[in-house]
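Letters A, B, C and D name the chains as they come in the text, with residue numbers starting at 1 for each one.
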């Protein structure tokens, strides 16, 4: 005898661009994922689709709700979509994941263009809104934030066994492509301002702290973000360690005092952790 | 006050090729990820690395253990690695994820070459071995298995709201890039044979069933796999729905009776579920 | 004063799937690029589009011509498309590039499924048809053919300067992701048979020859292909050298007699050459 | 009888990071490709490597020359490398391709960090230095520059045949991921200043002109760049047309006056052209 375990379904990679027109245009460029959980057992076991909102309908809904609801932060749009889908049939949880790809005005001789833009690249802003019977939870964050410290990063004092060859180092490059999210404990007056403030704290703390390891950095950065913003309850970070290895120039008669590196991505360290307010706090 | 929540760390994308030499060579081509959980709090909060096995050591260990332990299925190698790392310091759970990239001998006039190979492409075999105080759990599977049904797939009877435009269809293409894993309830005599048998059942069931939806297909396939192999306890499938849209040829004076399609990947449906033996079974 | 230099335009990444129906279905899965050259100067200099076939029209044409012309090899379809576009306006050269993604029937208990398929992965078949006033030229080939020799490959006798550290080696792994094309000097009775025969020769020669370098392998393989098939006039190969480095296991008390390697892709060698029939031949 | 046609070889994807240390650090992050052409026939036909500079030596050379030669623009480093390799054995042409990945200082409370950086994303600066008996040619440029015009872009007046369904449009979104290179006719006093000035002209012209087609835009932009900088002789642009399709909201009771779009990448237009100074100029 078999039974259905956990399951979910939805539509991914819905590419939505909104041009907000006026004297000065604004470009909103989103990738939206919709995922629903609920009592969908009959669809699986009986092929009964009477409760299965078509993923094509999800896509249509994202576009249809954009004119009225994508007029502020992606968190607001995500909340509206999550609530909409929670009301659809036997849905018990609706999760909306949004990535926003930033565009900035192009510079002209007359200043920033009102109607021409450049995709900024670099980090992508993210928001995940989850609606269920308990209400709506919103995680905000940033992904693909590639940052590097060229000093004040060490890794030493680690255990050595028969398979350990890594040298202790008190000054190394630390580079990562960070994914960072934080859980919002409230609805702020200004999502954009909160996001900007937290990314500023994240970056400034990354820049200025002395790191004993990626783990240590995650703790220091996460703590600083929680201290900076009372409205968030936890910070989760995934930080690959993108190794930069010092090149041995001695065969060529050269020296290399921390100047010349080979950048690698395979293999890479991967460190992930959540830092949160203590229950007693 | 802040505290550390869940956390893990390790090394990813360790690329290991073993050439098993003899009259006929065999190529084993793996990508290995190592991930550890345990009592690593001091590394975060105090920058104390005295318990932090370096991820470089993890990489070395994978290569060092390959001669003795990579002589059978990737499940066996994964178990050996997971057990090894569980003994390292304050580790409470060690998870080894292995992907095997298959190579087949090249054909020559004298038959299959003993020492030249072609990477097969198509699906990748996977194994995840997790060791903790309760023992070792092994999930086996396959990813990037791209399959298509050109008939006997339907999607109809779904609810219609103001945002629904999708037509009901009793005969469509269904295509997916499936990721399928199953939990092994025992250690089989032959991991390779179990894997081959389950992939055969998976593919044959995909081919022959009448599908009312991707959800329905997951149920039918998962049930067939559980029926075929008493040694597994559950099957988890992630099946993106890679839509193939019928091209309207009528503007060009043509007809299109299910012949000409545009294949798309953005957006795509995404359906994920676990099918398992009933607790009462 | 400025003038227009070389230019071309077209539509890329047209994804076309044809299901040939009957008692047994067949799946044709193509990615088609169209590129046109001709007297399009006014479009550039004057913004005059009166001769500019819309790339959207190119896309439509590919779908519209598929029912009648995609009934054989991709070379045949490419020729039909190239000729069609050569007749459009001021076109002087039309180039059609087609990649075919192979699907094979899934196995069932009753034999190969008539209507369910698995994408094979591995190498992709390619064809490029170019039509101009001189007629049509057709190049056929294969790309992303990943092959490896586990012995009978050497690299030694190369010059050494102050920057050379590579050791001479008489037995190494040679692996590549080859792109191979050949120019057809005629229209064969059976494009598929020619393609199969040449890939067979390519693979068998790769497998059996003794290689002194990737350059040497290209020569030996290209010569074998030209010898095997009088209907082709030249063979062009691009072979990245995907290095496999022997892992030093001695720090761990192990030995490594050509067994354990780390597979890398960055950096990689890149060797490209054409082998052709001599003018005097 | 077979003979060797055109051929070249080298090393690609050499990942080099230089940290220029001082009171304020600077990060140089390059990907370097080396490619050589020359009289290498014996390597192919006879397996004679006596003239074949190992690609591993090329990689070493890039790192070894970085301390002395990577102290300015990538053009300067490329020229030094190209000249170095031209002197190696039977080389007739050495081509060095460099991509520079930009990093900017992280902001802290005390201003820009001296030793922590963020990878900027967005466009990549490129340089190609080619040395042969005639001297050194340098092409500079930018790739993956993603830009969009939200108005002042049209496409109309194109020919209509039986396969044309595209509507004429006088106001559309135009978006592209541009690759732009220019040939330097001289060695400027300041490579960085020239690059910055030309990108500024490129972007400002893209922003402000009225576009009748991508072809028209290429001409207008290329002409503006040639006018702005007498030291360059030609500009080559490759501009995919990344279509943004207006979503039909009428089934949902909505209107869509150029506000809501679906962004696509498959298929895409592809327009490529060179604009150069007239021979008589």
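In this section, a contact is a pair of C-beta atoms (placed from the backbone, for glycine too) under 8 Å apart; a residue touches a chain by one contact, two chains touch by 3 or more.
Just so you know, these numbers come straight off a predicted model, no measurement behind them.
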Between A-D and C-D, the pair with more C-beta contacts: C-D
Euclidean distance of C-alpha centroids - subunit B vs subunit D, Å: 38
Whole-Å gap separating subunit A and subunit D, where each centre is the average of the chain's CA atoms: 29
Centre distance in Å when subunit C and subunit D are each reduced to the mean of their C-alpha atoms: 24
Residues of subunit C engaged with two or more neighbouring chains: 15, 60, 64, 163, 165, 251-252, 264-266
Chain contact topology (line, ring, star, complete or other): complete
Residues of subunit D that touch subunit A when the two form their complex: 15-21, 25, 27, 29, 60, 63-64, 66-67, 103, 106-109, 113, 115-123, 144-152, 173, 200, 203-204, 206-208, 244, 247, 249, 251-252, 254, 256-264
Residue ranges of subunit D touching subunit B (in the complex, touch as defined): 162-163, 165, 251-253, 264-266
Parts of subunit D lying in touch with subunit C, wherever the complex brings them together: 1-15, 33, 35, 40, 43-57, 59-61, 64, 88-89, 155-159, 161, 163-166, 211-216, 218-219, 222-223, 226, 234, 236, 240-241, 265-281
